[in-house]
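In the two complexes that follow, chain A is the common piece, with chain B as its partner first and chain C second.
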Partner chain A sequence: MSHAMGRVAVVVGMLLLCHTGYSVSQLRSFLRFNEDEFTSLPLDMMLEGLLGVAIAVWGAAATQTFKEIRAIEDIASKSFESFLHRPNFITFSHRGKNLFGDIS
Partner chain B sequence: MQYSTAPSWQEAREKLRKWREQNERKSDEIVDLWMTSLGSKVSKAGDEKWMIIEQVAIAALDVHNYGVADDLILKLKERFPDSDRVRFLQVLRLQALQRYDDALKGLDAMIQRDNTNSGAYKQKVAILKCQGKNTEAIKELADYLNKFMSDQEGWSELCDLYLAESDYARAAFCAEEMILHNPHNYFVHQRLADIRYTMGGIENTKFASSHYSQALKLNPESMRAYCGLFLSGSSLATNPRVPATEKREYSQIASWAAKEISTRYGENQPPSSNSAEMLEGLFGALQIQ
Partner chain C sequence: MQRSRTLTVDKGSEIKVYNEGAIRHNVAVVEYCRTCTAVFCGMGAGVLGLTALYGFGFYILSIVGMWLLLVAKAGSNYERFFTSRKAILTNGFFGALFTYILCWTFAYGMVHVY
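Let's look at the complex of A and B:
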């Protein structure tokens, strides 16, 4: 399963859904024209709509890995140091000068 | 840290991006990666190029490698001649060279030009801290936080400054602010618990015990929280002014924490070592009467 296939599936699903909507609106205007009542959707349009939704949802959900919902997975893998590091308050007066600096 | 085989420039770029997003301060590794893989090929990185250059410039200042730092700051100045961010980098460079007065003058000029520039206020506090002027730094930072109340870094820094001055009550207040911003982060609960435990007294130790428990609920791998829970639980269990029912509860907490610590140390030790007995001995030493 690849991302590209997922994206294509989403597009196809949305197009199917749009097509269904268009068909239904056409159906209703036709019925209104003939002064018939609108009782229920024809089976093929309903199926088309559901199929479109199913394909789009599959494309969006099944072809990618989701991030873990608990925040802990993210946080537990960080080191202590990264919690204490505040880049906007950075100070350079530490031993780094003697450890890493030029020996000159 | 030296790499035995130099990583490709794409790997280096990925690493730098990850460190940028996760706020890591691996300055010597960043400069190393720049010198070995990324330096010559950075023009291929597209839009990310300037952010990478800024990141490496700050890392170079951190390891006091002025050759690389000056070179990169010059590149940035040529590309963005009128940028506040580049001026900020120049102020950082002055700070690294310990020319604090020039740096403060530069920051004051930036603040005058744009008084919503939060970075400039914060760097002023950092420079005062560098010079050892903790009380002035605290005053500046408190003023800043009055204006920009939701700045998490600011509260964290203020907490540290108060701790450096041993003003635990105010440090606890700052740590509580951080919990308000990040209730799901185990680290901030642990911090508050550490401060409260240090303040001492029955109420504070109970408070510490509950926050250590919350930290453990959020992250069951945190050794510091287990040790803290053990210490606060055993200190309450041996305190004469605590009623007997609560004493029993706290000693149960302490022994549970001790068991967890032993199992976790046990899991990470090679099978032949005798560290289990060593640990039991250390627990005895850890009891504070």
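Let's look at the complex of A and C:
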């Protein structure tokens, strides 16, 4: 489930919703012109709107990933010695060269 | 890898250690999903012409739907990702409500009032 597919789904859902909105506004102006009253929406427009919303929500939510919160899970697989390994704190400028270096 | 951990003592005998960065990440993901749901469902409610209580009912429906989606996504072993499933439902309820009302009135005005 890639992020690209989620974004495509959001765009498709929004296009469906915009199409529904356009249809509804056309219907409204038509009814206003004929001086009929607007009772309820036609079923196909309603379904199209709901489908657009559902696709957009799915596209936004389904591509997200959760992270494991129990720290035990990933420290259980490590050995004890690896906890002491802090590569950022290793220094190379110390007295070792003078203590253990060449015997001259 | 630098990581801060919070230590909590369970009611039982087990001590649970949580990865704080992961908890924060999951809460942020849920917040993002809730905002997206509020925006899309608000625009849907406006387009469909829902008024008054029907609109608020649709909001509650959309939030519960999002909750079910996220709980299904977390799976049966949800304790790997969340400490409480109910918190996903109730956390940002009124914040997302305002976002929903904003998009709802905007879409309604655009489509029905124009």
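One rule holds for everything that comes next: the second predicted complex is superposed on the first by the 65 of 104 C-alpha atoms of A that agree within 3 Å, B and C clash if a C-alpha of one lies under 4 Å from a C-alpha of the other, contacts with A are read in each partner's own complex, and residues count from 1 in each chain.
Heads up, the rule we're going with is that contacts are C-beta pairs under 8 Å (C-beta built on N, C-alpha and C of every residue); 3 or more make two chains touch, one makes a residue touch a chain.
Just so it is clear, the structure is predicted and the values come from calculations on it, not from any experiment.
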item	value
First, second, both or neither for A:S93, with chain B first and chain C second	first
Touching partner for A:L50 - first (chain B), second (chain C), both, neither	second
First (chain B), second (chain C), both or neither touched by A:L41	second
Contacts of A:F83 with chain B and chain C, given as first, second, both or neither	first
Partner chain in contact with A:S25 - chain B first, chain C second, else both or neither	second
More chain A residues in contact [chain B versus chain C]	C
Contacts on chain A seen with chain B and repeated with chain C across the two complexes	71-72
Residues on chain A engaged by chain C in the complex (per definition of touch)	13-14, 17, 20-21, 24-25, 28-29, 38, 41, 46, 49-50, 52-53, 56-58, 60-62, 64-74
In the complex, chain C residues that touch chain A	3, 5, 16-19, 21-23, 25-26, 29, 32-33, 36-37, 40-41, 43-44, 47-49, 62, 65-66, 69-70, 73-74, 79-83, 107, 110-112, 114
Interface residues, chain A side, partner chain B - complex	71-72, 75-76, 78-83, 85-93, 96-97, 99-102
Contacting residues of chain B [partner chain A, same complex]	22-25, 27-28, 31, 58, 61-67, 92, 95-96, 98, 118-119, 122-123, 125-126, 129-130, 153, 156-157, 184-187, 218-219, 221
